[in-house]
Structure formats: structure tokens, C-alpha cells
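Two complexes, one shared chain (chain A), two partners (chain B, chain C).
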Partner chain A sequence: MENLKAVNKRKNKLGMRKKGFIIAFLAPTLIAFCVFYLYPIITVFVTSFCKWDYTNITSPEFFGWSNLWDNYDYIFNKYPFFWEALRNSTTWAILGAVVQIPIATLIALALSRKVKGIKFVRNVYIIPNMISTAAMGIVFLQLYNPSYGIINPIIRLFHKDFTDNILLLKGSAFVAMTCAYIFFTGTTTLMILGNIMAVPEEVREAAMLDGASGLKQDWHITIPMIKGTLKTVSVLAATSGFLLYNEVYFLTKGAAGTYSISYIIRELAITSPRTQFGRANAVAMIQILAGMVIILVINFVYSVSFKKEKK
Partner chain B sequence: MKKKMVSVLLAAAMGATGLVGFGSTAYAADDVLEFYHGYYQDESEWAAAQVMRDIYDGFAEAHADGPVTFKPIAVENRDDIVSAQVAGGSFPDMVDVGGGGVPQAALSQDLVYDLKPYIDENGLQDAVGLNYTQHDIDGHIYAVHDQIESRGLWYNSDIFEKAGITEDAFANWDSFAAAMEKIRALDEDVYGYIAGQGSSYIVNTVMASTDEGKAMLESELTEDTINSDEFANAFKTAAKLDQDNGSEHTTDDNGNLMAEFNTNGKAGVLFNGVWNASGIDASLSDVIEPALFPGNIAIASAGGGLAVANNMSEEKTELALEFIKYMTSEEVQEKIFTGVQANPCNTTIDLNALAENSDDAATKKLALACSEVNGAENVVIDINYTWGSDVDKAIINALMECAVSGTDIEARFAALQTELIALIA
Partner chain C sequence: MKKTKSGRGINSMPAGTRIVTYICLVWALVVSLVPLGWLVLSSLKKDPMARPGFQLPETICLDGYISTFRDLHVLRYFGNSLFVAGVSVMISVVMISMSAYVVARMEFKGKALVNILLYSTMFIPATALTYPVYNLVNRLHLYDTRSALILIYSCSGIAVSFFVIKNYYDNIPRELEEAARIDGCGYVQTWVKVIFPIARPGIMTAAVLAFLNNWNEYYWASLVLITREKLTVPALLSTFTTAFNTNYNGLFSAMVIIILPPVLLYCIFSRFFIEALSGGAVKG
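For the complex of A and B:
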């Protein structure tokens, strides 16, 4: 009996020690999460209901319950660029998931084939991803330059008298900006490729014995087996599309209907001489919520489509 | 035992790092006056930056034995540093706030020292020049810019001659439009002017051509101004000129296309500051000339300038004020003119005499441009400083969109009015 007690006591002690270790190891991450993520998000949320601009920069002032939605009312009903920015950012998010991921997947599938020189192609393909988006913005600014860029001469092959700057044409400017980032899928491609390589060779061989061709193998075996990664990269592509900033800054500064949500946050908080932190945080709150919606939608779409596949 | 020892050492190191981190303060020490400025460029990249740094170092050396050390710090992200400090309720000891101006948030927190009493006590009114009137905010002066941002236009006399344009082209905006038409009609690879950023100066000067419009420019933007005939006329004049000029010659940053005027000689006109004198390629220095905006109008703004933090120690404040006196002194102002190739703020400097003594063609051209601006019948402030950079940018964006052929200028102006009313809300 005494022995049992001693054993239990020892077990408890070990259990406590184990818990202590777990807490000790988790603590830095938890603290960092609270300080660098949770606290700023709470601050953004709270101050989005405050008057916070150049008149009271160090002491945000709560609007009070009767005027609680003042900042949101301004953003939704008065601020001239919000709806345009939300529409553009949402479109870029959708394009990220719908255009960028299929491109990346196709390239990854092609790169996974054991063909001569494929390693070289793989390395070359990743190079543009090492260039910052800011530098790419400048590169595209030159490409689109109507005087010496290469895009206008190409357009002139079909439209002889075309002389305009496509970055100032509504519609075209949006397409031009989308092209400036959407085809750069190196990191995403590598993530998908890594997962494709991890698909067991036996599964493919079995499919081959059953008469499945390369494309059928990809469609029915490889893609379902890497759906987890596809979901993850879709979320990443959609959120980075939704957060697009550098391209807007370097190519148009919002002209010709190309504002993005990230860009208007900067406009309100930094460019405006009135330093409108409260209103900028209201937009940031909307951005956070929209980001969550994007993640939920992608999860939903993937779960529904792969359920169908199983059936 | 060893493991325990390592753990203890690691914990101690982390603790010490934390203490050092928390212990350090955003403020400079009491015996150092930190001065942030934006002249960070290498001499090979921009020689004027080195001239300015030499001027600052000269002051630091002259006061090396004093109780406070003067420490100039060249930074690329000066505006970010100022914004971050102001958001945290502090201000750099001293900073050359440049084009952005002293942030309103800093003024509303009383973070910036009022320089007016010092200027008055020391009789520096002429030395600070335009700063004295343009930077006066309810009887306070919070910044003194050692250079005046003076803007007119530069034209290529060779292109003008070929197109048969005389100097009457600058009589008014109609004659200017006719001149641009003649340039476009030339059977050569040349065009009228570099639009976009430059076009906002058209709005600026068209508004300044009437007393009502000028008064609107010199005060904060209001709904009445946005809905005024003066503003409508100014915007539509610029937009029409831009559309005729073509969107392919439009940029939100003059720097993107500047070489087409200064180096390649493809543009007839460039709306830029007097400092453009130093950017003209030697092959074009004989044909590029300065002129005023149509209607004998110039844009001159004190802009940002040297601002000093409030509530510093007496010794530090004294040194900061001494520095402002030094920067506006004739000796330094002459260097700013000849070395930096900028329009000095000190009104007692005889720029033409300095130019005569110089062998440098750019200095002579600069003197000519400065004299034109300083002698203009009508001098007006840049809207960027009175209406704000966000408003200025919205106007530039609207003008750039109007430059596209077929754009409905009336409709875009109506949209701009809505945007501006919302921006000032």
C-alpha cells in the first residue's frame, strides 16, 4: 500500500514536472504570440472605435456608444476609395487561388517528371522569386513604359495607333498590375513539387499497372494526395493577393481604379497629413475579417470538392 | 551540473539583454544633439549631398569643444523616423523634415520648439526669408528651411525655335496650349511637356492667376474651394492640356521621365524646380532655359526645414538654435547656392554676383532661374503644403487619368470633387 502511494506520488511529481516543461517550452511562443499578434489585433480592434488622429496621436479617444461606428461609417459611406480597394483586393485574392494555384500545380507536375535538364529549369524558375516585389514593381514599370517598354509595341501589332499608357487606362491597369505578380509562383510551385515528390512510387506503379496514363495518374492520384498542400498554398496565394501593396505603390499609386486595401491603410495612416490612425485601423479590422472569410471559404471549397471526389 | 550551469548562463544572458533593451531610451543623451537629415547619398550619386554633409560637419567641428556634441545623422527613412517618434509622443532632437513638413501630429502635441522668438531677437528675418511669412502659424514658426523650393518651368529653345514658338507662348495658358500644339505638329520624335506630377503645378498656377484662387491656395482646402469655379477652371485647364499632350508622357514622378528633357531633348517643357539647372546634360546646356509659368507666376515654398524638439536641455536648445543661425548665414547660404545648386532662403545674397564669379554653367543657369522666380509678379505656395499630400496625390491621379485619350474630363472632375470632399472630412 505504502509502495503504491509512493509510486503514485512519484508519478504525480513526474507528471507535474512534465507539465512544467511543456509550459516552460510553450511560454516563449505564447508570450510572443500575445505581445506581437494578439495585443496588436486587440489594439486595432479597440482603436477602430476611437477618434485617433493628429489631434490626439498619443491618446486615442473612445467615440462612445452613440457614435461607436463613426470610423466605419466614414470608411463605408464617405471614404472614396474603400469599395474600389475592397473589390480589387477581393478579386486579387480570388485570382490568387483560381489562377495562381493551377499554374503552380501544372508547373510542379511538369517539373516532377524525370526529364533531362529538369533540375536546371527548376533552379531557373525560382530565380524571379528571389527578387523583391518592390524591385519587380520597378521592372514592370519599365515594361509598361509607353515610350520604351515592350508592352506598347506588342499592343500596336494589333491596334496600330495605340499610344496610351496602359497603367492609366481603367481595366487595363488592373490587368497589367495582376500580371505583375500572378505568374511568379516559384515558392508555391516548390511547395507543391516537394509534396508531389513525396507521393509513394508504389502507388503510381500500381496505377500504371491498372492502365492509368500520366495525366490520369496526376488527376486521380497525385492531386488528391497533395490536397492538404494545395489547400495551404491556396490560402497563402489568396491572402497575399488580398494584401497586395508593393505593386500598387510602384505601378500606379492607386490611379485608374487600382487601389488595394493595404494601400488605403497607408494612405490614411501615413500619406494623409491628418494621420488618421483610427480610420486606418477600421480598414485594418475589415482586412482581418475578410482574411478570415477567405480562409473559411477556401477550406469549405476544398472540403466540398474533395468530398465529391471521394463519393 | 554542466547543463545547469549552461542554463543559468543562458538565463543570465537573456535577462541582461532584456534589461539593456528596456533600459535604453529613444532620447539622445543630454550632451549630444542628434540631427537627422536626408542627405545620405554618396557623392558619386549626388554631389550636393556631400556638400550638405560637409556643411554640417563644419558646424560639428566648430562646436567640438562645447558642452554638447553636434551629431549629424544621414538617414534614408527620415520621414519614417519622425512619424514613428511622433506617434510615440516624442520628436528627434533636431531634424530637417524636408518636403513633408513638420507633422501636424507633432504640433498638436507641442513637441516642436517655436523658433520665432529666436529669429526676432536675433534679427534673422532676412536670413530666413520666405520661412518668416510662409511658416508662420498663428505667430509661431516651427521650421526654417535653408533652401526655398522654387519652381518655374524649363523649356528647350531649340525645339521652340524649330516649331516657330516665341516667348509669347508663356503669356497665358491659351498661348501655352497653342505652343504645345506646334511642337506636336513637328515631324520629329518630340512632344510638349512631361505631365502628371508637373500638371499639378498647372492647377496650382492657374488658380493663382486670380486673387480669389490665390487666397484659396494659401489656406486649408474647404468644400467651398472644391466646388469653386476657380478650382474647376484650374483642373479642367490642366486636364485638357494633359489629354492633348498624351498619356504616354505622363508620370506621377517627374524623375521617371526627366531624362527625356534633360538628356535626350525629346520634351519641349519640363515643370520643375530651379535645381534642375544641375541636371541638364552638357550637350543641351545651351538650349535649355528657365522661365516662369504662364501669367508671370512662380511657385515658391519654404517647404519643410529644420525643426527642433521642445523641452530639450538649455544647452542643447542653444546649440540647435545656433545651428539654424549658421545654416541661414551668408557663408553657408552661398555654399548652398553654388555647391548644392538650390535657391537659398537668405534674401540678402546677391545670386547674380555669385554666378558672375563662377565658371560653372549650371550655377549661371541656376542664378537665372532663381532671379526669375524671385522677381515673379505673382509668387504662390505649392498646394502640397497647404492642402496636404493626400489631396495633391488625388489631384495628380485624376489628371493622369484625364491624360488618356477620350476620358470625360467633366465626369472625372465631378468624381474628384467627391473624393476631395471625403478626404477632408
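For the complex of A and C:
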């Protein structure tokens, strides 16, 4: 009996120590989570229902239940740039999943083959992704410059008298901005390539015996095997497309119909002389919800399309 | 069957596949080299306005490079970036490798919740948190200090580091810890002396990815810093378009210099970067 008690006591002491260790090791990350994510999200949610702008900076004021949706009403019905920004951001999100990912996959497949000089191409292709998107934004700003860039001379081959700045024309500004980032898929390509290389050699050999080689083999064997990675990178590409900010800031500052959701949040909350914190946070709530919708949609698309494949 | 026919050799593939492969490879080279090549070319022209596009310069002009180092003090901004990115990576990686260990190896109440909370940060758009974070920085009296950026960078990007490191822990055999415990190591000792050194490759991967992100980060840097002397490299860029006015030679040279360090670093350590980004499956 005595002995058992002693053992129990020691176990208890050990348990306490273990508990202390767990708490001590988890605490820093959890504090960081609360500081940077939890507290801000709660603030965003609560104050999106508050009158809070440059007139009452220190004391947000709850609208009351009857006027609960005032900020959202303003954003949807009165704020002139919201729908434009939402349309643009959504388009960029879709382009991320349907343009960037196929390009990244095709290049990853090409890089997975045994060709002379393949390492060189692979290493070079990552370089633009090592540079900040802010710097790439400025590089493209110069490329698009009508007086010394390289885009206008190319356009002049087809339209002789073209002297406009393509970043100031509606439509072409959107396309130009998209081209400034969409083709740089280096890191995504590398993640996909890592997965392709991890496909066991026996699987390929079996497919070869069945007469499937090259792209045919990739389509029927490789792609289904790496669908998990493809789904993850699709979510990442779509999300980062939806959040586009740097390109907008450096190339057009929202001119010619190129506002993005991130851009209007910052404009409402910080840049504008009449800051509208409550309304900015209402847009932020919409951005958070849209992020969830993106994840759900991509998950749904992937589960449906790969089920079909199996049949 | 010969090794060369193992399914990846280009010569054994159908003509269509070969053509597509070569198109992809050429495309990859064009996309990544043309903009940067043009940038370097333009930086060597005395007046890029006079010889636009891909025209070669009449004489090679290095004035812009000289004045970038002399007048712009770029080294100061590199120092700022290095300081902010370095310190925040150290904080976040140590912090996360501690928590990831607990989550990977111990059973406790609320483990699932911790997992979900940390995972969810991957999908919370940082820009949505603009004003609360900005407000917090102000209230802590950190506005326009490098500490504010260190705080933000240490706390953001938890999810990626957490999963990279936790994955690595999952692959370390449990016997190692048990042996250490039998030798009389406490929990903390076991982690410091046994687990941390073994997990170093995984932790380094997370650190490299985080450093790259922080080095290139523009959104927060331009939000919380205004004093020119404190700016990080990306934040400095937004002053470029006005600072150089019509001195295009200076502008192009400064941009080349700004872009160079990460590219050089990559060229030296490309093997390391590539293994880190591809999850170790691609050898550099």
C-alpha cells in the first residue's frame, strides 16, 4: 500500500512536470497567435458593426441592433469601388487556380524529364520568386513605360500610332497587371516537382508497359497521384490572387479599374484622409469569408473532378 | 530494361511530349530572364529614354551604380532588412519548434484545438487584419520602429513553419527520446540536447522559407515604418519612382542593386533552397 502511494505520488509529480513543460512550450506560440490573429479577428468582427472613423478614433460606437448592417450597407450600396474591387480580386483568384496552376504543372512536368541542362532551367526559373513582388512591380512599371519600355514598341508593330500608357487604359491595365505576376510560378512549380519526383519509379514502369508514356502517362498516372499537392497549391494561388496588393500599389494605385479588396481595405483604414475603420473592417470581414469560400470551392472542384476520373 | 528508359528520359517519349517539353522549358527561360535582362541592360545605358527597348547602349555607363552606393546608402537598408528578417526568424522558429514538438509528441487536453487554431492561420488573410494590427502597434508605442516589424513577422506565418517542423518531428523515432529520458534527461533537456539537433534540417527549411518571406515583405513594412533611415529594402522601393524623377539610369542601377542580394544568395545556396522548397525530393 505504502509503496503504491509513493509510486502514485511520483507519477503525480512527473505529471505535473509534464504539464508544466507542455504549457511552457506552447505558451509563446499561443500568445503570438492571440496577439496577431485572435485579437485582431475579434476586433475586426465586432467593429465591423460599429460607427468608427476619423471623428471618433478612440471610441468605436456600436450601431445598435436596428442599424447593425450600416457599414455593410455603405460598402455594398454607396462605396464606389467595392464591386470593382471584388470583381477584380475574384478574377485574380480564379486565374490563380486555372492559369497559374496548369502553367506551374506543365513546367514542373517538363522539369521532371531527363534533358540536358534541365538543372540550369530549373534554377533560373526560381530566380524571379526570390525577388520581392514589390521589386517585380517596379520592374514591370518600367517595362510598361510608354517612352522607354518594351511593351509599347511591340504594340506599335500592330498599331502604328500607339503612344498611350497601357496602365492608364481600362481593360489593358488589368491585363498588364495580371501579366506582371501570373507567370512567376517558380515556388509552386518546385513544390509540384518535388511531388512528381516522389512518385515511385515502379508506377512509371508499370505505365510504360501499358504503353502510356510522356504526357499521356502524366495525365493518367502522375496527375492523379499528386492531386493532394495540386489542391494545396491551388488554394494558395487562389488566395494570394484574391489578396493582391503590391502589384496594384506599384503599377496603377487603383487607376483604370484595377482596385483590389486589399487595396480598398488599406485605403479606407490608413491612407485616406477621412479614415473609416469600421467600414474597412466590414470589407475585411468580407475578405475573410471569401477566403473560406475559396477553400470550399477548390475542395469541392477537386473532389468532384477526381471522382469522375476513377469511374 | 535499361535505366535510361525508366519513364523520364526524353528520347523515349512521343514527339508531341518532346515538343511540349521544349516549349515549356524555353518559356520558363524567357519569362524569368527577359524582364531582369532588360533591367540590367537599361541600367548600363546613359539615357534609357534615348535608346528604349532592347537597343544596346552606345557606351557602357556605370554612373548609376556608383551614385547608388555613394548617395543612396543602400547598405543601410540591407542592414535593416537583415536585422528585421533575421531576428524575427530566430524568434518565430525557436518558438514554433518548441510548440510543434509538444503537439507532435505529447498528449494533452485541447491538442486538437491547438492544431486547428494554428492551421487556420494559413487561411486568415493578413491584409484583413490591417487596422487592428496597426492600432496595436500604435498602442504599444512601437509605430515607426523596427521592433514593430519584428513583432509582426514573428507572429505571422505561424502555419507554414509549424507544419514543416511538425512533419519533421513526426519522422524522428521515439526511441531516441526514451533513451535520453532513461539517461536521466528532463523534458527540456531532451528537447535541447537530442531533438533540436536532430530536427535541424527541418527547422532550417522553415527558417529559410520564413527569412525569404520576411526579407521580401512589403505590405507591413510600408505600413509601420516611415523614417527613411529605418526602412527595409522593399519599403524603400516605394520612394523610388519619385526619388529618381527623370534620372532613369540611376533608377535602373538602384533596382539592379536592390534585386542582386537575394539572387546572389540564391545562386550560392540554390541546392539548399531547392531541397527546402520541394520538400527534399529534388536534389539541387
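List of remarks:
As a convention for this text, the second predicted complex is superposed on the first by the 276 of 311 C-alpha atoms of A that agree within 3 Å, B and C clash if a C-alpha of one lies under 4 Å from a C-alpha of the other, contacts with A are read in each partner's own complex, and residues count from 1 in each chain.
We adopt the following convention: a residue touches a chain if its C-beta (ideal position, glycine included) is under 8 Å from a C-beta of that chain, and two chains touch if they have at least 3 such contacts.
The structure displayed is predicted, hence computed values, not measured ones.
Superimposing the complexes on chain A yields a three-chain arrangement in which chain B and chain C clash.
In the superposition on chain A, A:S147 contacts both chain B and chain C. Look at A:S112: by the touch rule set out above, it reaches chain C but stays clear of chain B.
Contacts of A:I295 after superposition: chain C is touched, whereas chain B is not reached. By the touch criterion stated above, A:V233 is placed in contact with neither chain B nor chain C. Counted by residues of chain A touched, the larger count belongs to C, out of chain B and chain C.
Applying the stated contact rule after C-alpha superposition, one finds that A:E267 touches chain B and leaves chain C untouched. Look at A:E205: by the touch rule set out above, it reaches chain C but stays clear of chain B. Within the superposed three-chain model, A:P40 lies in touch with chain C and out of touch with chain B [touch as defined at top]. Of 4-12, 40-48 or 220-228, the segment of chain C whose C-alpha atoms clash with chain B in the superposed model is 220-228.
Overlap of the chain B and chain C interfaces on chain A: residues 141, 147, 270, 277. The touching residues of chain A, counted against chain C in their complex, run 17-19, 21-22, 25-26, 28-30, 32-33, 35-41, 43-44, 106-107, 109-115, 118-119, 121-128, 130-143, 147-150, 153, 183-184, 186-187, 190-191, 193-195, 197-198, 201, 204-205, 207-208, 213-217, 235, 239, 242-243, 245-246, 249-250, 261-262, 265-266, 269-270, 277, 280-281, 284-285, 287-288, 291-292, 295. In the complex of the two chains, the chain C residues touching chain A come out as 1, 4-10, 12-14, 16-18, 20-22, 24-25, 27-29, 31-33, 35-36, 38-39, 42, 48-49, 52-54, 92, 95-96, 98-99, 101-103, 106, 108, 114, 117-118, 120-121, 123-136, 151-152, 154-156, 158, 162, 186-188, 191, 212, 215-219, 223, 233-234, 237-238, 240-241, 248, 251-252, 255, 258-259, 262-263, 265-267, 270, 273-274, 277-282, 284.
Here chain B touches chain A in the complex through residues 83, 86-89, 101, 103-105, 108-109, 246-250, 252, 256-257, 260, 388-390, 393, 397, 400-401, 403-405, 418-419, 422-423, 425, going by the rule given at the top.
Residues 53-58, 74, 78-81, 141, 146-147, 152, 163-165, 168-170, 253-256, 267, 270-275, 277 of chain A are the ones that touch chain B when the two sit in their complex.
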